[in-house]
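The same chain A turns up in both complexes below, where it pairs with chain B and then with chain C.
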Partner chain A sequence: MLLIQQIVNGLMLGSVYVTVAVAFTLTISILNFLNFTIPTLFMVAGMVGWGLAFFGLPFGLGGPLPWPLALAAGIAVAVACSLIVERFTFRYMKMKHGDSTEHAIPLVSSLGFLLILENLVRISYGSDAQRFPGPGADLTANIGGIFIRVPQLVSFVLVIGLILGLVWVINATRTGRGLRAIAENPDAAALLGVEPNRIVPIVFMLTGMLCGLAGALFAVNYGEVSPQMGEDIGSKAIAGMVVGGLGSLWGAVAGGVIVGLIEMLTIHFFGADTVQAAVWGALLITLLIRPQGLFGHNAIGKGKL
Partner chain B sequence: MLLEVKDLEVTYGRTKAVRGVSLSVAAGEIVTVLGANGAGKTSLLRALQGARKPQGGQILFDGEDLTGMTASARVARGMALVPEGRQIFVSMTVEENLLMGAYLRTDGEVKRDLEGIYDRFPNLASRKDMRASVLSGGEQQMLAVGRALVSRPRLIMLDEPSLGLSPLFVQRLFDLIEELNSSGISILLVEQNTHMALSVAARGVVLELGRATLSGPAAQLAADPSLAEAYLGAA
Partner chain C sequence: MSGYWSGIITLLSINVVFAYGIYLAVATGQLNLGGAGFQALGAYAAAWLCAEQGWPIWATLGASAVVAGGIGFAFAFPILRLKGVYLVLGTFAFAEVVAGVIINSDALGGAMGLPVPEYIDWHVPAIAAVGVALFCFYLMSTRLGLAVRAVHDDDVVCDLLGVDVRLVRVALFALGAALAGFAGGLYAHAYTYVEVQTFNASLSIYVLLYVLLGGAQTAWGPLAGAAFFTLLPELLRNTLPALKSSLYGLFGADGSMSPPDESWRFVALGVVTVLMMVFRSEGLITRTMVERISHPFRSTKSEAL
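Moving on, here comes the complex of A and B:
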C-alpha cells in the first residue's frame, strides 16, 4: 500500500516536472532556444505569490491577499517577466547584434535574466525558504487507503488539461500552424505573412504561464517557497526532457513523469540520499542506450514538435 | 502598372547584389527575369516581397509605395512569392501547407479555395493528410504554387520554379503558369530556363552582376545573340 502511495506521490511531483519540461520543450522546438529563465519564472510565481499572501501589495497599496488570488497574481507576474525576457533577449539583442539565425545571444542573455530576476527576488523577499500559507492538510481524500491531497489532485488535472489544450493549439489552430511554420522555416513563414514579432511573444507567454502554474502548484502542494526553488526543479525538468526525448512534447510529458516516479520510488526503496544519483543515473543510462530519448528524434531545432 | 520597381539596390554585407534595377509588370502580364547564378535575381525577389530591406530605390505595387512595409503587409495587398527551392513545410501535412498560404485570410472562403486547389492538383488532394515530405519534387513545386494561390494574389513571383524538375513537370509547370495568367494573375518569373521562360513571357529583363543589361519584348530577347552569353554569365 505504501508503494502505491509513493507512486501516486511520484505522479504528483512528476506533474510539476512535466509542466516545466514542456515549457523548455516549447522554446527549444519552436525557437531553437534553451531558455535559462524558465526555472526562474517558476520561482518568481511562487515567491511573488508568497509575498502577496504574506506582506500584501507593494508600496502599502493593500494588505495580504488570499492565497489563490496571490498565486494568480504570481502567475501573471511570471508571464510579464517572460514577455520582458522576449523583448530583450530575443528581439532587442538579436536585432541589434545578430541575425535571425543567431542562437548564442538569446541563450547568454537569458542566463543574465536568470541572475537579474533571482536577485531581484532575493532583494525583495530575502533568500530564506518561506512557508506558503496554502490550504490546510485536512483537504485530503482517502481513496481505498491511498491518501491524495485535494490540491494535488486539482493541480494534476490542471496540468493535464493545460497540456491537452496546448497540444490542441499547436496542432489544430492557425496560431499553432504559424508557430510550427516559424519552427521549421522562419524564412518561408515570414514570406507567407507570419510576423515573428507577433508570434514569438506567444511562445514566451505560454512559457510564462506553464512555469507560473508549475510554481503555484509547487507552492500549494509542498507548502514551501524559496528563491532557490527553481534550481532543483529546473535541472530535473531538463533531465526529464532529455530522458523523454528532446524536442518532443509527449517526450517531455513522459520524461517528467518518469523523473517524478524515479525520485519517489528511490526514496521509498533506498532513502532520500540516493535521489540525485538515481535521477542523473537514469539520464546517463538514457544517453548511453537511447541518446535521442524515448520519443525523440535527431532533428532538434528543425521544427519538429 | 501593377508592379513598378525603380533603381532598386540590395546589399548583403559588402556585396552589392542588386545595383539599380528598374522593371515593371503590368496587370495580367508575365514578365521574366533571366540571368546566371549570382546575377541578383533571388535578392531582387526577396526585396520585392519584403524579406530583405533594400538600400535604395522604390517599389510601387498598384501605385502604393511598399518601402518599409513588412512581408505580411505585402501578402495582404496581393503579392505572393514562391521561393527558390520551394520551401514547403515538410513537417506539416499537405493541407496544413496550403492553410499556411491562407495565414492572413480571415474570410470564410478558404475551404472553397482549397477545393479549387485540389481540383487543379489531384495529386495533392489524394495526399492532403500526409506529410508534405512524401511528395515528389514536382508535387512539392505544385504545393508551393498552390500555397501561394491560397493567399489570393494579384501578382505571383516565382523564383526558379523549374529547378530540379523532370522535363515532364517543367512542361506542366509552364502550362500552369500560363493558366494562372489567363485567370488574371500577373506573374514575375525568375528563371534560368531561358527558352521556356521567354516562350510564356511577354517581356523579359536580363540581370548581370546585379544590373539589368538587357530588356525588351520576349520575342526580341529570344532572337538576341548576346542573350546566350549573358545567360551563361560570360563577361
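Moving on, here comes the complex of A and C:
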C-alpha cells in the first residue's frame, strides 16, 4: 500500500516536471536552443506570486493581494521575463560563420539571464524559503486508502489539459504550422512567408506560460517557495526531457513522469540522499546508450546547439 | 601583505587555473558544463589523501590533477561521441552524478564535508596559476595547439587533412579535467575545508562564462575573464550599497531581510554576459586583437578571412 502511495506521489510530482520539461522541449525542438532561463521563470512566478501576496504591490500602490490574483500576476511576470529573454537571445543575435561554438550564443545568453533573474529575486525577497499562503497541503482526499492532495489532483488534470491544448495548437492551427516550419528549416520558412520575428516570441510566450503555471501550481501544492526552487525542478525536468527524447513532446511527458517515479521509488527503497545520483545516472546512461532518448528524433541537437 | 589581498589573490589564482581547465575543452569546440564535477574530484582527492593518508602537499596536489584527469580521460571517450546540446547535458549530468556519489559516501564525509589539515597560503596558488597559464600559452603555440584551433574551426576538414580529431578532443578534454582537478586541490588546501555544496551547478556555469566572455580563441581569454570577474566585485564594493537601498524601495521589500552581498556580483556577471553575447559574441579578447597588438604596423586585411 505504501508503494502504491509512493507511485501516486511520483505521478503527482511528475506532472510538475512534465510541464517544465515540455517547456524545455518546445524551445529545443523549434529553435534548437537549450533555454537555461526556464527553471528561473518557474521560480520567478512562484516568488513574485508570494511577494505580491505577502508584501503587496511595489511603490506602495496597494496592500497584499489575494493569492490566486497574486499567482496570476506572477505568471504574467514570468511571461514578460521570457519575452525579454527572447529579445536578447534571438532578436539581436548576429551569426558569424566559421566558429563551431557560435551556436552556443543563445545558450550562454540564457545562462546570463539565469544569473540576473535569480539574483534580482534574491535581492528583492531574500534567499530564504517562504511559506506560501494558499490552501496548501491541508486538503486531502482518501481514495481507497491512498491519500491525494486535492490541489495536486486539480493541477494534474490541468497539466494534462494544457498539454493536449498545446498539441492541438502545434498540430492544427496556422501558428502551429509556422512553428513546425521554423523547426524544420528557419531560412526556408522565412522565404515561404513565415515571419520568424512574429513566430519566435510565441514560443517564448508559451514557455513563460508553462513555467509560470508550473511555478504557481508548485507554490499552491507544496505551500513553499524559495529562490532556489527552480534549480532542482529544472535539473529534474532536463533529465526527464533527455530520457524521453529531445524534441518530442510526448517524450517529455513520459520522461517527466518517469523521473517523478524514479525519484519517489528511490526515496522509498534507498532514502532521500540517493535521488540526485539516481536521476542523473538515468540521464547519463540514456545519453551514453541511446542519446536520442525513448521517443526522440535522431537529428535534433546533433551538430547544432 | 594584508589578509584581504592574499585572499583575493588566492581566489583569483584558483579561478584562473580552473578557467584554463575549461578553456582547453572549449578550445576544441566542446562546451564543458561539468567543471564543478572535475573540481570536486580534485578537491576531494586532495582532502582525503591529506586527511586520511597523511600525504604531503605536493603529492596531494599532484594526485588531485591525476585523479580528475584520469576520470576525465575515461569519461571523454563515451561523452565526446555526443555533440552540441547533448554534450552540454552530458557534462552537466556528470557533475551532478559526482556530487550525488560524494554526498552518499561516508568515507568522504557525505554532506558534512571533509576538513583538510594542511594549509597553503597565497604563494602556492599564485605560482600554480602562473605556471598553468604559461603551460597553456606554450601548448597553444605547439603543433597540437594548431590542431586544436583547426578542430575548433572545422572538424570535418580537419579529419580530411589527416588530423586525428578524436585524439585531439580526448586529449584536451582530459588535460582540462586534470587542470580543473588541480584547481580543486588548491581550493581544498587554501580553504582547508571541502564540502560538496560548494561544487554546484552554478560554479560550472560561472567558470564556463569566464572562459566564453574572456574569449576562447586565444589563451589570453580565460586569464582576462577570470581576472575581470574575480576583481569586478571588489571594484564595485563602494558603489553597490547605494544601488541596493534604492532597489529595496522599488520592490516594496523592507530592509529587514538582508540579501547576501554576492548577489550583485552575479547580476553584474549576468548583465555583462547578455551584453557581450549581443555585441561581441566571440569574447573580449580575439585572435585578431592579439595579432593587432603584437604587430601594430602589419596590415590585417589579408588575414580577415
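Keep this in mind: the second predicted complex is superposed on the first by the 286 of 305 C-alpha atoms of A that agree within 3 Å, B and C clash if a C-alpha of one lies under 4 Å from a C-alpha of the other, contacts with A are read in each partner's own complex, and residues count from 1 in each chain.
Here, contacts are C-beta pairs under 8 Å (C-beta built on N, C-alpha and C of every residue); 3 or more make two chains touch, one makes a residue touch a chain.
This one's a predicted model, so the numbers in the text were calculated from it and none came from an experiment.
Using the contact criterion defined above for the overlaid structures, shared-chain residue A:G193 touches chain B, although it does not reach chain C. After overlaying the two complexes on the shared chain, residue contacts for A:I105 are found with chain C alone; chain B is out of touch.
In the superposed model, A:F88 makes contact with chain C only, not with chain B.
In the superposed model, A:H268 lies in contact with neither chain B nor chain C.
Set against each other, chain B and chain C differ in how many residues of chain A they touch, and the higher count belongs to C. Within the superposed three-chain model, A:E184 lies in touch with chain B and out of touch with chain C [touch as defined at top]. With the contact threshold set out at the top, residues 302-305 of chain A are in contact with chain B in one structure and with chain C in the other.
Per the touch definition, chain A reaches chain C in the complex via residues 28, 32, 34, 36, 51, 55-60, 88-89, 92-94, 96, 98-109, 111-120, 122-128, 231, 235, 238-239, 242, 246, 273-274, 276-278, 280-281, 283-284, 287-288, 291, 301-305. Within the complex formed with chain A, the chain B residues making contact are 49, 51, 70-72, 75-76, 81, 83, 87-92, 96, 99-101, 103-104, 147, 151. On the chain A side of its complex with chain B, the touching residues are 174, 177-178, 180-181, 183-185, 187-195, 302-305.
Residue ranges on chain C touching chain A, taken from their complex, read 26, 29, 31, 78-79, 81-86, 88-90, 92-94, 96-97, 99-101, 103-104, 110-111, 152-155, 201, 205, 208-209, 212, 216, 244, 247-248, 250-253, 257-260, 263-264, 266-267, 269-274, 277-278, 281-282.
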